[in-house]
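Got some structures for you, see below.
Each of the next two complexes has subunit A plus one more chain, namely subunit B in the first and subunit C in the second.
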Partner chain A sequence: MTLRQFLLRRVLLVIPILFGITFITFMLVRVGDRDPVAMLAGPLADRQTLATLRTEMGLDRSFWEQFAIYVGKLIQLDFGKSWESNNPVIVDIANRLPASLELLLIAMLIGAAVGIPVGLRSAQRPNGAFDQAARFVSLLGFSVPTYWFALMGIFIFFFKLGWAPPPMGRIGLDAIPPPDVTGSYFIDSLLVADWSAVHSSGTRLVLPVLIFSVIVAAPIIKHTRAIALEVLSSDYIRYARASGLSPFTVRRIALRNAFTPVLTFVASELTGLLAAVSLLEFIFAWGGMGQWGLNAILNSDFAAVQGYVLTLALFSAVIYVMVDIAVLMLEPRSALKA
Partner chain B sequence: MSIRSALLSAVAGAALVGASGLAAAQDRTFIFASVSTPVGFDTDRWLSGTLESAVNVYEGLTKHGVKKDASGRDVIDADKVEPHMAESWTQTEGGKVVTYRIKKGVKSHFGNELTAHDVVNSWDMARDRKLVGNFMITVGRVAKVEAVSDSEVKFTLGTGNNIFPRILTTIFPALIDSKIQKENATADDKWATKWQEKATAGFGPYHLESVKAGEGATFIANRNYFADKPYYSRVVYREVPSPATRAALVKSAQIHYADQMPIQQLVDLIKDRNVKVDSVPGTGAATLRMNPNLKPFDDIRVRKAVQLAFDYEAAGEAVFRGLGERSWSILAPAHGEAYIESQKVNTDLAAARKLLSEAGHANGIDIQLEYTDNWWWEESLAIQAKDALAKAGIRVDLKRIPRTEMNSRRAIGKRDLPFFPHLANAFVLAPAYAFYLSAHTQGSSNVNDYKSPEFDRIVDEMIGETNPARANQLSHEAQRIHANDSTFVISHFPKTYAVTVPCITGWLWYPHDRLVWKHLSCTERRG
Partner chain C sequence: MSLLEVENLHTHFITRDLGNRIRVATALNGVSFAVGEGEVVGIVGETGAGKSLTAMSVIGLLPPAAKVVAGTARFAGDDLLAMSPATLNRLRGDQITLIVQSPKTSLDPLKRIGDQLVRIQKAHRAVSDDEARRNAVEMLATVGIPDPEQRARAWPHELSGGMAQRVLIAMALVNGPRLLIADEPTTGLDVTVQAQILDLLMELVQARRLAAMIITHDLGIVAHYCHRMAVMFAGRIVEQGKVADIFKRPAHPYTKALIASTPKQIAARGYAKVGGLPPNLYALPSGCHYRDRCPEAEAACTTEPPLVTVRDGQRALCHVVARGTRVQ
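== the complex of A and B ==
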């Protein structure tokens, strides 16, 4: 199989997956007697108004008709219109996604930058003091719910110590948000060298990012340690040691062999974290896509929920394709063979 | 950063960008944290934050008087309607024609003066759109609205009635600056509803300056407001969805007001010296409603048995944490002399079992209670009901359903829920309106489909009754009929709470249950 065929096959595989997710989501949001018309029209609307609105929104059509119309529009990149905001869903997502990515990517970078070396170091001396401490931190990150971690963080660092700024969004009331370029207040403030906005948005990033980094780092530590332990106990490493190679060289060989599974794991974790970040956004009033998605689910905003789930699915698909490409570049023979 | 430093910075920021037309010395910012950023400002379309904002942007031609209650606090006087944007009115043809004279100098933020044409335009919009405003047209029996001159507007009513003057105290329909509205109308959208999602043009005390989805909105004082200038010239409406975060923010004086706090947080906040928690019972009581058209609730003995088996004391303690106030009627005590304690039901398990046995359910009965999360107390009240009713042999199967399913099944034309929690809040402080809303055959909150021709007849008569003594007599009768039919398990008023920093004074409860910013001020300096 050539590289081109490999990539084409990966991209084509994404299409039925997305179609399946679209169908399941479309069906699930309509389970039961959910009907947003009563909420949209308000509690005092009469019967005729409810019926008119239902027709206008296409909710009087059959499930299959509605699904066919939806898929037809999706092909033209029309995700529909949110009944709550009255905006095209794609516009709402575009407005909210940068805030989520800002939080997610920075936390991911920190989590991986800490988690991978800690996992590798733990694996060098299993059950040593460092390993025990790392495993405790990892267990903590695993077992403590995100929202509790966030609330405790706010209680200690904002409420008790006063070190963190108020958890009221991405920028302070005293700062003027920078012109929208990337959607990240921090980066956009840097771009226009607005130091007051840089400080305001930067300080507001610290606590949620640190909390999320712990959540992100915990599984990375655990998996990196397990992968590294497996690699370090492999025959080729024992052979390398027996051949008298220096510990540094042995570690380098081990690292190179552990890198691909670690990268695959980190990437797969990233796909799940975009959904997980919603709780953190809720608590820190972050205003990102997760918070928007939660709200859409609560209000049965059909188009918005479908758009949210589809965006998560697309995000995952893109990440997996990128991982495949990265693995292909790192290990071309084994990847193409697989 | 404390409120004080935030205010200073905000003032500096506002001055820099020229955001406020008021002198810097008068600039004061009020920070209001709520669950969600206002999604729209159209009072015909209630979305997140719409009413919280709109009650501060729009006002009525009239207003309710304010009186002192027994504790010396200012409260709305249900019986008194006073001039507001209208300076006077006259009634002819036995109250069927009412002409309002609009005050001179009532202007929007854009400088346009309120005219009779604005009023007509707003009512025309309500009639055309057939949403909330249209319900007011129906219940107020408004047949025609005409501009007699620029400053006089004539309402012709189907029948003279006592609900109509009170409707004019509300923002339904909202009086919009029609010049601005028309500038923003399009061929497809003649009422500029799209524009109303992101903008306001009222004659009330505040005007929307900016809104950003997911973050919040900023309101500034209407620079042309005709009445007293509000103390706060700027209101920052911040989205803080987590109640725990809102609690931490108000405790640390980072915000002035925490909106929609759940009971668990309130119990703690009441004990906190850094927070002031004020409350009023309001007009909406937490109820469990039984649909008398569906089995087994078509048998009044079963309904009465459910009422008697419910443990009101336990609900007061476990659900409302001792903060609620027991309710004894379909009507609230806020309605003054129109109110009587018509449904004095207390727990009596023996009587409940006896009634069930008489109804042919000697071995008990299985019922389903469906609930959602429209109100914070729903789930705990449902659990409490399950536990209490089991003691009388009423086995309750709890079923949690999505909010949209609940709302659609309660809507006019469907109403197929046998047993479920509900709370109806009457925005118009008139007993006839409350009855019409909650239990009249045409009432939009008659969600358990209660049908009583006698009750309807009395309510219809009440609407047209302008003699207060007779109206009160009818009100008492209506309450008795409704209580005898036993379709509500009436628990407690969950109450409306104002959670503020201690310096805030001037909170005045309105029937719409939203915070009115113009009355607020800060009476002490905080560090």
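== the complex of A and C ==
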């Protein structure tokens, strides 16, 4: 099998998955007892207005008819319109996704940069003092809810100590948002050397990023430790020691063999985090896609919810394909090299 | 002076139980034996007798809970147990090499076998890439791997069990060792392959006049390939001597029972003679460890058994044998 054949097969496999997710989301948003027509028209609307609006929104048609229309448009990459903002869903997502990714990717980098070494160090001396401490921190990150971390962070660092800026958005009112290049205010303001915007957006990133890093690092510590323990107790490490290879070489063999499973884990964790970040965006009024998606769910904004879920699914699918390619290149046991 | 002289080796497993009390398993209780230059010594015994642990103690590769608490192991005069880890590491894989029982999982899965043969050479001596690679291919040919030039580029997962064991033999010989330790070298292999691998291994050992320690629970292997043998039970060598002597006239009751347990003997007699569980290493019986299972046990066996020289070079650790011969 060549790389191209593999990729083609892998990408084709994504299509039925996306279709299934589309169907399930489409069904689930319509099961709720909330009527988007009533919500949009407001409490004072009369029966006639409601009926007209319902026909306009297409909600008087049968479920299957609605689904067919939706899928038909989806194939032309038309995600529909948000009833809330009256924008095409795709425009809303494009506006907000960069804010989420900014938070997510920076936290992921910090979480992995801290979590992987901590997990490896933990495995060197299981049940030692360092390991005990690392496992406690990991358990904390696992079990304490995100919103509690966020609220305590705001309470201590903004309200009590005054170190953090107010948790209201990505940039202060006193700074002008930079021209859009990457979508990250921090990076974009760096690009145009607007130092007041750099400072304003940078300081606002610190607290949510740090809190999210803890959430991200917790499972990375736990899994890296488990993977490293398994590798260190493997036959090939024992044999490498028996062969008189230097401790440095033995460690390199261990790291190289732990690399692929750790990479796979971190990447698959990333797929869930785009959804997990929404609560944090909500609390910090971040204006990202997660916050927008949560709002859409609360408002029964059907097209927006569907667009949100599909984006999450697509994000996961892209990451999984990328992981597969990476594993193919790193692993001699993979089908391509045999 | 022998190449390897192990004297009074004691190794304990020190762990904690659920109540955090320290538990000590006395796994090796005074093991003494020697391997001369060019001599092949077989170490036999049931599971848990301490065969592998003896080897691992000697080359300093014990699991974290195990500690050598007493004894010496002199290799060419130097005590391996008193060496710095770095010094010992220089001997391992070079002067003393190991062949393990799980060849497929013991090779680094992410390196081609030729590269692994190069790596083990460069770890121990200054050798150019070209020369190391030539040696590697030559060694693969020596251990009977067809098309070695091509096969050097194979990944470990592409090898069969027998091929992988040949590669491990190549790894063990490529640096020209003086002592080879084979820890159940054929346990993981197909029966038809076992004999081929052992024949190959012993042929190479003899051709190079290597000293070797073969750990096995297969008496047939010992009878076929070894000069001398040591029988282990519960962390002690209960009998050792020339293979021919021991098979002809075993002295210790445990050795007698073991030899009476070969398939041929059992078939002739209709029942097996070795029964019972290995003794509890956390609470070994006083005196002779074998006395609870010994058909010849007597009152004296609750005291430490004496080491008796039965005949030239054949020694047994037993009261019953002592009554019949002179005590050393």
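Assume the second predicted complex is superposed on the first by the 329 of 338 C-alpha atoms of A that agree within 3 Å, B and C clash if a C-alpha of one lies under 4 Å from a C-alpha of the other, contacts with A are read in each partner's own complex, and residues count from 1 in each chain.
Keep this in mind: a residue touches a chain if its C-beta (ideal position, glycine included) is under 8 Å from a C-beta of that chain, and two chains touch if they have at least 3 such contacts.
Computed from a prediction, not measured in an experiment: that's the story for all the values here.
When subunit A is checked against subunit B and against subunit C, the one touching more of its residues turns out to be B. Of the two partner chains, subunit B is the only one touched by A:300; subunit C is not.
Contacts of A:172 after superposition on the shared chain: subunit B is touched, whereas subunit C is not. Contacts of A:244 after superposition on the shared chain: subunit C is touched, whereas subunit B is not. Across the two superposed structures, the residue set of subunit A contacted by subunit B and also by subunit C is empty. By the touch criterion stated above, subunit A contacts subunit B in their complex at residues 32-52, 84-86, 92, 95-96, 99, 151, 154-155, 158-159, 165-170, 172-177, 282-288, 291-292, 295, 298-300. Within the complex, the subunit B residues that touch subunit A are 1, 5-6, 9-10, 12-13, 17, 29, 31, 33, 36-37, 39-40, 44-48, 130-132, 134-136, 138, 194, 197, 212-216, 236, 238-242, 244-245, 248-249, 251-252, 254-255, 373, 401-405, 407-413, 444-445. Within the complex formed with subunit A, the residues of subunit C that make contact are 59, 61, 89-94, 97-98, 100, 102, 105-110, 112, 119-120, 123-124, 155, 157-158, 171. For subunit A in complex with subunit C, the touching residues are 234-236, 238-247, 249, 253, 256-257, 331-333, 337-338.
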